[in-house]
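Labels for the chains are A, B, C and D, by order of writing; each one numbers its residues from 1.
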Amino acid sequence: MSFNSFGKLFRVTTWGESHGPAIGCVVDGCPPLIPLSEKDIQPWLDLRRPGQSSFTTMRQEADQVKILSGVFEGKTTGTPISLLIENTDQRSKDYSNIAQSYRPGHADITYDMKYGIRDYRGGGRSSARETAMRVAAGAIARLILGNKITIRGALVQIGDKPINPANWSWDTVKTNPFFCPDASIVPVWEEYLRNIRKEGSSIGAVIEVIAEGVPAGLGAPIYGKLDADIAHAMMGINAVKGVEIGEGFNAALLRGEENADPIYMKDGEITFGSNHAGGILGGISTGQPITVRFAVKPTSSISIPKPSINKACEAVEVITKGRHDPCVGIRAVPVGEAMMACVLADHLLRHRAQIGCK
Amino acid sequence: MSFNSFGKLFRVTTWGESHGPAIGCVVDGCPPLIPLSEKDIQPWLDLRRPGQSSFTTMRQEADQVKILSGVFEGKTTGTPISLLIENTDQRSKDYSNIAQSYRPGHADITYDMKYGIRDYRGGGRSSARETAMRVAAGAIARLILGNKITIRGALVQIGDKPINPANWSWDTVKTNPFFCPDASIVPVWEEYLRNIRKEGSSIGAVIEVIAEGVPAGLGAPIYGKLDADIAHAMMGINAVKGVEIGEGFNAALLRGEENADPIYMKDGEITFGSNHAGGILGGISTGQPITVRFAVKPTSSISIPKPSINKACEAVEVITKGRHDPCVGIRAVPVGEAMMACVLADHLLRHRAQIGCK
Amino acid sequence: MSFNSFGKLFRVTTWGESHGPAIGCVVDGCPPLIPLSEKDIQPWLDLRRPGQSSFTTMRQEADQVKILSGVFEGKTTGTPISLLIENTDQRSKDYSNIAQSYRPGHADITYDMKYGIRDYRGGGRSSARETAMRVAAGAIARLILGNKITIRGALVQIGDKPINPANWSWDTVKTNPFFCPDASIVPVWEEYLRNIRKEGSSIGAVIEVIAEGVPAGLGAPIYGKLDADIAHAMMGINAVKGVEIGEGFNAALLRGEENADPIYMKDGEITFGSNHAGGILGGISTGQPITVRFAVKPTSSISIPKPSINKACEAVEVITKGRHDPCVGIRAVPVGEAMMACVLADHLLRHRAQIGCK
Amino acid sequence: MSFNSFGKLFRVTTWGESHGPAIGCVVDGCPPLIPLSEKDIQPWLDLRRPGQSSFTTMRQEADQVKILSGVFEGKTTGTPISLLIENTDQRSKDYSNIAQSYRPGHADITYDMKYGIRDYRGGGRSSARETAMRVAAGAIARLILGNKITIRGALVQIGDKPINPANWSWDTVKTNPFFCPDASIVPVWEEYLRNIRKEGSSIGAVIEVIAEGVPAGLGAPIYGKLDADIAHAMMGINAVKGVEIGEGFNAALLRGEENADPIYMKDGEITFGSNHAGGILGGISTGQPITVRFAVKPTSSISIPKPSINKACEAVEVITKGRHDPCVGIRAVPVGEAMMACVLADHLLRHRAQIGCK
C-alpha cells in the first residue's frame, strides 16, 4: 500500500518524482470563498527553493506553481485545488552512477526492497523535491487558519552548534540563509558548513516550529491527538529522526511540580505560568503557543566513499556526485512550518465539525 | 471530531472511561483462522496492570479481559473482535476534589475547553486506564506478526538516571518492577522513586522499544511512512512528549559519513554495518531492528500544591489525593510495545495488499 | 479486509454475532452536551425487535441496550459511546443442521469462501441481528439532527402487492405490524403472508424512507455525494438488492422537461414545483424531502427444500428449520430509517466542517 | 467537506472543472511492476469521448491523457500515478446565459446553496466531463484485475424502449453508437433520439454492467460489502437515480424458493443453478458474474423553457443553449464499467490484505 494523502478533512494528496515532467498535489476539503491565487503560494515556495545560497543544493528550479482547479474568479470554490510545478532542471545524467547501486543511508535500497523497482533519477519519489508540494499546500492551510494564527520556524542547531535561545529574534530569521534566529551564530555556521561542503560531507540539524494564536480545544483524542498528528507530520518529512513537543525529552528529567504549568486568570482570560506542555494537554490545544522541535539527519548524498552493494548484490563503493545540500535541515524549516499549518487547518475543520462554531 | 480508531487495515477502536462500567475495544481487520482466546491476551494485560508494586498506582484492578465476538471454536473468524474489561475498583469519591478544579499539567482543562463537559472521575477518557485496551489489541497484533518478529521494551531512564547500555539484558527486564534492563541501576531507582513518592511528587522517564525480525519493505510512503506512523502511535500514548527513531536527536550531531549505515552482503543476505537509521530508511523498513525511544513526562497528579483555577474561573490550589504512579513511564513500557505491534501488524497487511505475498 | 465501520465524522463501528454473548457498537464523533440515556434508544429498538407479531421471527429477544461509555450526568461528552445488547435467546440447537451445509441464497457459503471459517450459529455475523446496532446508532443520529428533521419509513410493497399511494397515512404506519401506510391493504397482506408462512416460504418487499426538513447543502461531491452515501447505506442492509432516489428507475422513462423540477420563490423561500429529484441534485440536498426506496429479497431461510452442497462439497438438500421472518422486509423499515439518520448526521457534521455554521 | 477520493487501497482522487485548464486524477496504491503507458488508457477514454456521433454532445475534445508520475521505464513503481487531460474546447461563451440562473434539475443551484460560489462554465465541477478521469482510472484498475476478469457494459433501455434480452450480443455493442447489445432496436433508438434532439429535449436510460471471472470471496462485510460499494460507485455517477444488483427490484416479487440460487458441484467446482443474487451474497462475491443495472435521468440541459430563479431570486425561464447529449445514459456505459473496475481492484487488494494470497 502506497499512501500519499494526509489530513482527514483538509486533505492533501501529493504525486511526482524528482526527475519526472512535474510534481503536484491535490488539496481537497478547502472551505469555499477564500481568496486564492498563485501569488498566495509562490512566496512560500520561494523560501524553500533550492539554489538560493551556497549552503543548499545548486539545483536551479523556478518552482513556479500553477493552480489548475478549485478556484474561480479569484476564490476557492470548495472543490479540489490542483497544484502543479514543472520540473525544469532535471539533469538526469548527474544521477546515472546511482542507477545500479544503493547510497548508504538513503531510501534507494528500501524502495527497491519494497517495490522491486525505483525511479533512481534524483531519488525519484523519495527526493526532498516532493516537499515543495507540502509547502504549497501549507500556504493554502495558512489562509484557512487566518492571520490570527502565526506559524514560524527556525533552525536552532547545526551539528554540535546550537543557537543561544537568549538571542532569539524572528527578524533575524529572515536575514540569513539558515533561517537562524541568533545573529551571533550565523558566521560560525557559515564557516562550519563551508568546511563540511569542502570535505564532501554533510551534517544534521534541529528545527523548531512555533504556532501562536491557536485557539484552545483543537485535537481529537484518543487517536487523533494534536501532538500525535504533529509528530506524524514532522517525522514524515524526509530525513527526520526525532520529534519533541514542549519540553520533549527534557520532560524525562523533570518532577511533577516542575513540569505542570500553573493556571491563572489574567484580564479575564485563562493563562498559564509556563509552557512546558508546548501548548498541548491530553492531545488538545491549550491556547498557548504550540512548540515542536525535530531533528534532521545529515544527507546521505555525500562525496565521501562508503561501502555498499549494487542491484546484483556485489560490493561497491558509493560516492554521490552532483549538487546536494550539505545540511538538508536548512530547507526543512519552511517544510516544517507548512506541515504544522496543514495539521492545524485539518484540526480546525475537525473541531468545527464536532463542536460547531462559536 | 472525536477520533478513537487507529490503523488502516488492522484497525482498533477503543472506548470507555476510567470510572465507567467498563472499557473496551473493537479490533477490526484481523485475518481469520488465527487461534485466539483470552489466554493469549491476559498475560500482556497483567504486565501493565496497576497495583503490582509500590512504584505504580495502588488501584486494584483485576483487568480480566473478555472476548465478546470475532472468535469461533478458538479461532478468529475475520469479523470484528470485541474485547471488554469491567472496571471493578473505581472509588469515585477519591476524585471528588477535582470535579470542579483543574489539575495543572493535566487534560482536565482541555477536555472542558473542547467539549464543555468532562467525566472528571479518575480522569475519565483521558485516564491512562484506556491504555489497557491498547495492550489487549497489541496482543492480537503479535499473533498476526507471528513469532519471527519480537517486540520488546525497556525503561532506560528515570529522571536524570539513565541505565548503562553496556549492562543491557532482556532477562533482567523481567526481574524488576521497572522493566529495567540494567540490574545495577535497579536499587538506585528504587530509592530514588521511594523518595519522590514520599514527597508526593512524580518524575519523567524514557522508554525504548525494539522490534526485531521485521521484514524489509514495510512502510507506505509518503504519508504512511513506517517511522511517521510509529511516531504517531508513541506520541499518542498518555504523557509522551518526544519520540526518536534510531539515532533520533543525536543524528543532528552526526556527519553524513558517520550516520550512513554501510551495506554489505553476508551469507547471501543484505546486512548493514551499523543501525543509525533505527531500521527505517525513506519510511520503509530495512530488515534491521526497529528502535524507538519516547519520553514520558512526570504525572501531574501530585500532592504538592500548584496554583490553578476552578470551573468558575476562580484561583485555587490543587492537590491530587489518592493513588497515583510516581513514574507513569514504568507502565508505559508494555503500552509502547503494544503500539509498535499494532503499527507493524497494520503495515504488514498494507504491504501485502499492494505488493502481494512472497 | 473486514470493514465494520461506517460514516466519516459520525462514525459507527458494530461488532457481534447472532449467537455470541452480545452484540454492540461504538459511536464515535458524536457532539458533546446532547442529553442521552437508554430511554432515547430503546423505543427505536423495540420497533425492530423480533417476536412482536406472527409475521416476523418468533425469536424472543429483550434487546435491552446498555450505554457503557461516552455519557456523563445524562449528557454526551464527545467521547465514544459504547452500546451493548446481550443475546438472551440463542437456542443454538435450532441451527445445528446448517453447521455443515450452505443455505442457497444465503451468506453461509460466501463467508466460508472468504474466511475459511464461519460462526454458523444463527448466521453468525451475517445475521440480521446485527441491524439492531444500526437502529441504536440511528437513535443517536436523530438526536444530532434535532427535531426539525423527520425521518420516517414505510413498507410499500410485499411481493406483487403494492400499496395505493393515494391512501398514504403516516398514522396508519404505527397501527399495523407491517409499517404499512395504506390501511386498505393491511388485511390483504395479512392473509398473503399467513399463507406464505404456512407454505414455509418467504417473500420480498419494498421499503420507502423519507427525510423531511433536511437543510439544503448537505453532500460532499464528487465521491461523497449524499445520494451515493444513502445508496451505500441501504444496499448494505441485509438482503437489499436495489436502491432508488426520487424517481429512481422511473427516471429512465422521463424526458428532460418532465423530470426537471421547476424552481420558484414562495414566501421568500426557494421552492420546487415537484420532487422527481428526491431531494438531491448533484449529490447535494436541495431542501426538499429526501426520498429513497429499496428492495429486499425474500429470506433464504425457508422450509422448502433446495439443492445445495455441504462443506465436504457433497450434494445435499437444505431446509431451514426454526423461527424466521416470512418477510424480512418488514423489520427492514426501522433499519432503513436508522441508516438514513446516520448518513444525514454524518453529512451534517461534514458540511459544518467545510462550510462552517450559519 | 468536499470529498474527491474513492477506494480504500486502490484510491483515486479526481480534480478539475469542465472549463478550467485541465482535469486530472491521482491513482494511489497501484501495485508496482505493472506495464503501463498512455496507450493502455487512451482507448477507454476514446470510447467515452464526446463528439463521436450525433447522439452525444458535439463538444470536441481530444481527451489526450498524459501520465505525469508513478511510471518508470514503462512500469508502475508503486508510487502515485498522476493523469492529466487538457481541456481544449471550452467555448465559455456558450454558457454565459446560465451564469446567473439555475437550470431546473441541475446541480447549479445546489452548488451555490452549499458553497456560495460555483464555476458556472459548463457545469464546472458537476460536469460529466469529470467522468473522463473515472474512465482513465478504470483502465489502470483493469490492469490490476488482469485478463481473467472481464467487465463489460451495455445500454439496455432508452425511455420506454428496452432491448430484448434474448437478442443480447456483446459484439453488437461495439458496432453502434449506443453500446446497444440488441441490433434490432438500434434503428428504433436512432429515430427516437433524433426526434428528442430535434425537440430540444432529452431522455433517460438504463445501463447494465457485468463483471465475469471475479473470484469468490471479494467484499468486506459489514460496511464494505461489495454490493454496497458498487451501489455507491454507480449512484455517484452523474445523473444516476437507481441501482440494482442481480434481481434488483424484481426480488421484491419473488418467493424464497424462487430467488435462492441452488448450489451444485460441477467438474469439481462450486456452481449455481441460477444467478438471482447477481454474483454477491452477504456482501461477498460468489464467483458468479456480478450484474448491476443503473438508471440515468434525462439531462436537465434542454432547450425547452422551464421556470426557475436567478441568483437574485427572481423568476426566470431557463433554456440551455449549446451542445448537449440528448441521452447522457449512452456515455455512462464506459463510466459504469470503469467504476466497476475500480471497485473490484480495490476489493482485490483489500481481500489480499486480510486473507493473503493463494
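Rule of thumb we're sticking to: contacts are C-beta pairs under 8 Å (C-beta built on N, C-alpha and C of every residue); 3 or more make two chains touch, one makes a residue touch a chain.
Predicted model, so just to flag it, every value in this text is computed and none were measured.
Counting steps between touching chains, the shortest path from chain A to chain C takes 1.
Comparing the chain pairs B-C and C-D, the larger number of C-beta pairs in contact belongs to C-D.
Ranked by distance of CA centroids from chain C, the top chain is A.
One simple way to say how far apart two chains are is to compare their mean CA positions; for chain B and chain D this gives 46 Å.
Chain C and chain D have CA centres that are 26 Å apart. Chain centres here are Cα averages; for chain B and chain C they lie 39 Å apart. In chain C, the residues touching two or more other chains are 1-5, 8-9, 14, 29-30, 32, 78-79, 114-115, 125, 221, 349-350, 353-355. The touching residues of chain A, counted against chain C in their complex, run 8-9, 29-32, 78-79, 221, 349-350, 352-357.
Across the complex, chain C is touched by residues 1-5, 9, 11, 13-17, 20-24, 26, 28-30, 32-33, 66, 68-70, 72-73, 75-82, 114-119, 124-125, 349, 353 of chain B.
Taken in their complex, chain C has these residues touching chain D: 1-6, 8-9, 14, 102-107, 109-111, 113-115, 125-126, 130, 157-160, 196, 201-206, 216-225, 227-236, 238, 240-265, 270, 273, 276-278, 280-287, 295-302, 304, 306-309, 313-315, 329, 350-351, 353-355.
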